[in-house]
Amino acid sequence: MARVGVFVCFCGANIADYVDVPMVVEETKKIREVKFAIEYKYMCSDPGQQLIREAIVQHRLTSIVVAACSPRMHEKTFRKALSDAGMNPYLLEVANIREHSSWVHQKDKKAATEKAADLVRMAVAKSIANEQLFEISVPVTKRALVIGGGIAGIQAALDIADARIPVVLVEKSPSIGGKMAQLDETFPTLDCSQCILTPKMVDVASHPYIELIPYSEVIELEGFVGNYKARIKKKASYVNFATCTGCGACWQKCPVKVPNEYNMGIDKRKAIYTPFPQAVPNKPVIDAAYCTMLLKGKCGICAKVCQVGAIDFKMQEEIIEREIGAVVVATGYDLWDPKPYEEYGVGRFKDIITSLEFERMVSANGPTNGLPVRPSDGKIPKNVVFIKCIGSRDEAKGIEYCSKICCMYTTKHTILLHHKVHDSHAYVFYMDIRAAGKGYEEFVKKAQVDTAATYLRGRVSKIYKKEDKLIVRGEDSQIGQVVEVVADLVVLATAVIPPKDNPELARMLGISYDKYGYLSEAHPKLRPVETAKAGIFLAGCTQAPKDIPDTVAQASACAAKVCGLFAGDTMKKDPMISTVNTEFCSGCQNCVQVCPYGAIVTEEVPMGHGSKEMRTVARINEGVCQGCGSCVAVCRSMAISLAGFTDHQIINEIVSI
Amino acid sequence: MDYTKQIREIATKLFTEEKIDVFVGYRTTGFDENQVPVIITGLEEIPKLIFNDKSVFNLTNYLKQEHTRNKRVGLIVKGCDSRSLNLLLTENQVKREKLFVIGIACEGVCDDEGNKMQHCTECMFPDAVVFDEMVGTTHDARLYQVNADVRELASKSLVERREYFETVFESCIRCNACRHSCPLCYCAKCVIDQETSTLYHGANTTSSAFHALMTWSLHLAGRCVDCRNCESACPMNLPLHLLHKQNESVIYENFQEHMAGVVEGDRGAFYKYSMKDPDDFIM
Amino acid sequence: METIVKDQHVSIEKPEIAAPPDWEPVIIGILCNWCSYAGSDLTGTSRIQYPPNIRIIRVPCTSRVDPWFLIKALQTTADGVLVSGCHPGDCHYITGNYYARRRFLVTKKLLSFIGFHENRIQFSWVSAAEGPKFAKVVAKVTDDIKKLGPLHLYKKENFEK
Amino acid sequence: MKKLTYYPGCSSHGTSEEFDKTVKMVMTSLDVQMEEIPDWNCCGATSAHTLSESLAYALPLRNLVLAEKLDNKTIAIPCASCYQRLKVTKYHMDNNPELALRINTTIVGEGTYTGKVEVKSMLQYCYEEIGLEAIMARVTKPLSGMKLACYYGCLLTRPKAITQFDSPEYPISMDRIVEALGAQATEFDYKTECCGASFSISNTEVVIGLSGKILEMAKESGADAIVVACPLCQSNLDMRQPDIEKHFGKQYHLPVFYFTQLMALAFGADPKELMFNKHIVPVEEALAKIGKVEPGPEKIKKPKKALEAESEVE
């Protein structure tokens, strides 16, 4: 038989003025299971809590009901009081007679009192079905995995490592740096991208708490929060990084020329290469798709010229494993291929380039010595048309969303063009100018004045060729007329899209992604860096298009989350999660279907005691379950129960009114 | 519709080629035209098998029984039965590789008086959707129509409906035959028998019948395939299909979902959602 | 969407037993912890007054609400039920309320079909910021149920006495 | 021998007789047997879908269902608009089960749609199923010396999701075909611009403006003539050309051929049989580029197949 103690709070006058508290206590005492009931001025005060502690011992109470303010306010306080008295804290129920009664029925004391008594009775009924629950503690491996070595991954890794937590940073290309390393100057301050990025890259390489694994990919992640195991594939670089000094003799002598990805294919690199001069690590790799030694067994010049014998043509890819507790995904973005814009002649007209190509051209270390040129004849363009929203905000050809950064970088490009070619003129076709950010609007305004660029609000419908010029036909919606601009060079501001292997990555990590392929955050407003899977966080453009300041902020936020997760030796978790009674489970797996966290897996159990025949049942991973109860409601067999909100407890509440 | 010959041929073939251990089919009751399910285990019993428009029962109910579990089973399914089979497959209750399914392109089954059953005239999927071998000529696509009984009752006033169902729940004797005959009721222990619910709903009362039938029909919402095993099993002749068909019409009209069990892997409307679901009934 | 259940807006069910003069309905409110329960707390802290008939039960999410609870409530103690949760898209558990929404519609229509007035079971989306809305919702539900009178249909006691 | 279901559409019996006739000639030359859909009906054109969605799908659906009764894999349709209606209907029948169910019931009695027949435009059929090599093999009088601007119009390749053929903005199938015939296709950027379509009658000025641009660009690309695969495009570019010339005060002299006319010509057919006399803009100047061919009285030796075609048609 349950022995319930009830403690009704006056809350000063807050409750007592509108609810007849002694009357509630009297009513409560009539309940068979209630062995002790008392009112007190402030239950949450020390003496109030002392009252509870004493009553527990004196009356051998098996559960406690505190009728006071909202459980969202003081549930934790009272649970602690129970703990202090040696009672399981989850045997507490709070009847909310302040927010739900005294404050909202101030004109009718009788009704408010009746309601308060009912609420207490419901809480008593529920508490009878309460069970002892124990905080779940999950051991934590204090090491973080960062996937992606762009600015997001670099920032997250540095921030986590600065908290003296070991970080494994995995980058799939030979060098960290990402897209930011390809940029010339950055808006809105026009400071040089390399100048602010490379020190951070060097920090990563030299940080004692960061293990940098370049030219590698994460291929498998198993386990759950605090206890993941990652398998990492190290691609064969054919260069022994341990002995290589980075002298560069190999790539200077290599005879094979390959389009240079770093410069958007505008110039050539060698088959053995470091992606760019400031690469970290500054060690070359051999591109197996082009190296004639690897393809045909001929050449080997690099091995001959290498003083330290670092070239190893027999190198194989290698799988390594790391135990980690949390993952930061920072796989960045890709740029949309404008090929579907056939009416622009993309692919047919050489003098239509993308913004990143333009960025590389005007970059001081770029392939054209910092000058924009027409790819068709190498001449310096005078009239340059910039077209924004190529693929962005275009449901028919591209994607529906706004890529967020194009307005700003196009503005930057008009400035760079103006700086490099003084007698040039820029035309910008735009849909809207979206310059929301610190200093952004000012930047755009200033650029428009300084460069005297012509801004045309409207879409371009066609580009065709007339002699060696491109005729850009579009609408100037502000004058409501079709305009044609004669251009030497057309620059397309192509949309930001998620990396194409994001869905595969998401499936591998067990997190969700949206219809475009961006990885999904747990809550769009309040949990923007967490994923639905505990212990996996998102930084940068892999979640949505972002500029550099936002990316860095999100990366640091990830670091804070990781540090929070690793604050103790074990993670404490609320025990109010679901469990499966395998005896009743029919194995229909509806719960697996509806669980938003993928916390439910299946396992085989014997059909009966000692039986060899097996049947499939559901099992809930307590590390992952968040306790929403979706699975409970779809379980027709009632094999699942949610601790703290069991069917028994809720039905008790319903029938006790 | 008489496929007795074809069924016997296929069953013979299956037993001779040792593809199955048991075959679930129909046989006559022996004293009237009506039929009962039969589970046969060998060639010698094949002459018992019969299939015609009196083959009413949904045989997939037998897949949850002891004598078919873990055996290779040959089975006859009509359109509706095949949909319940699809659901059983989706819900991991049976293994496809253990089944040999004879699909029937069903012309509709008849009641005791020999009239075509009313629900067969409304049937949207007369042809089996899961089968290894198909018997009969398949049908053109058919349109969804709201069950005539549901439509009729729905057009009545609230009070009339309430009075009607009061008599229904009053008549229920809580024998649970509906549940036992339903191929989709396979829970180890039904919720209406579990302690938490028996504690409060009382015994054999109208109230408990209300509770039990409502809970049951909501557990079948989006899953019921309208085979009417429950109605044929009900000793009180309760119009149980009304509850199921009402749920089906709400689901079909509001959620743009497939009919229950038509698509393999589809668990029914309650186990998925759409952002476009109706929201206007919520304040 | 055409609905086949007509006649949902009859003002009053036929009362079998007249309501006693001092009768007050019992309404069970099942609220999700993150939006509606927080919203109802806000109603309290804002001292917005509403009728005292509602008895609130806290659940983590509307997806925890089994239609069975609603049937159980109507069968035992309640004259009406209100279930309230987060607005679509705001669910703390991402998708819970979408699943719940489907179940609610079917349950409501089914109960209406067998003779319960549609207003006996009502649903609302109330966010943690919508304290005033919560008060309005409760006032409306209470008013609706008062018009309908006491619910005796299938009540356990009627059959045990 | 290949077999093909043929849906001629109403314009083949009117403004584009020459298209219909040359299609038949060409197909015979190419060893393709065409079976016309028995009792075919109007595709609904632009009128039906402005009135009723069901009607707009039901009319083409009946044609599709009738076509399924013939035992051929493909329907080929010369008219771009008919093609569009049938293709769109097929797309929705295949991808929109709800709609399919509804529309299927509107043509009760005609049969059930199964989706086994592929819908292609005549251009697509020539390009994909016959193939450039087969076309090239039949050429007896190459069109060498002729520069042609291939104009596709708006419907043959769009919308891409539905037509699944060629590029929606810069198609090349017709260019490849005329190249196979020995002519030179010019780099022509206005391939898929709008010709003004049926505004030709209700608002001629629109057509003069739009078709005028097309002629202007075709001329600029260096073409001697324009090639089309759509009756309405042909009539707009050809019939309105004198008005356009008058309006802009320019001279284009660009005859507008159906691609099948040129195919027949290259396959060796008698130019007199190709109904060039129906054209408004005189074709002589353009045809003179090939050198040998003159639409005059001079008899040209025809290959056997083409002769057969002629006898079949007439």
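For clarity, chains are labelled A, B, C and D in written order, and residue numbers in each chain start from 1.
To be clear about the criterion, contacts are C-beta pairs under 8 Å (C-beta built on N, C-alpha and C of every residue); 3 or more make two chains touch, one makes a residue touch a chain.
The model shown is predicted, which means the values in this text are computed figures rather than measured ones.
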Checklist line | Each chain counted as touching chain A and chain D at once | finding: B
Item checked: Innermost chain by mean C-alpha position -> A
Note to self: Measuring between Cα centroids, what's the chain most distant from chain C?
What the structure shows: D
Checklist line | Selected pair, greater C-beta contact count between A-B and B-D | finding: A-B
Note to self: Centroid from C-alpha atoms only, then distance chain B to chain D, rounded to Å. What do you get?
What the structure shows: 54
Check: If you average the CA atoms of chain A and of chain B, how many Å lie between those two points?
Finding: 46
Notebook entry, point to check: What is the distance, in whole Å, between the centres of chain B and chain C, each centre taken as the mean of its C-alpha atoms?
Noted result: 33
Item checked: Whole-Å gap between the CA centroids of chain C and chain D -> 64
Notebook entry, point to check: Touching two or more other chains, which residues of chain C qualify?
Noted result: 72, 76, 95, 99, 103
Note to self: Residues touching two or more other chains, restricted to chain A: which are they?
What the structure shows: 594, 634, 647, 651, 655
Notebook entry, point to check: Which residues of chain B are in contact with two or more other chains?
Noted result: 191, 197, 200, 270-272
Next item on the list: If two chains touch, include that pair; go through all of them.
Entry: A-B, A-C, A-D, B-C, B-D
Notebook entry, point to check: Can you list the residues on chain A that touch chain D in the complex?
Noted result: 341-343, 345, 348, 462, 464-466
Note to self: Could you list, by residue number, the parts of chain C that touch chain A in their complex?
What the structure shows: 24, 26, 28, 33, 37-38, 40-41, 43-45, 47-50, 52-53, 55-61, 63-66, 69, 72-73, 76-78, 92-96, 99-100, 103, 135
Margin query: Quick check: in the complex, which residue numbers of chain B touch chain D?
Written below: 140-141, 143, 256
Next item on the list: Within their complex, state which residues of chain D touch chain A.
Entry: 167-170, 187, 189-190, 192-193, 217, 220
Check: Inside the complex, what are the residues of chain D that reach chain B?
Finding: 98, 100-102, 104-105, 112
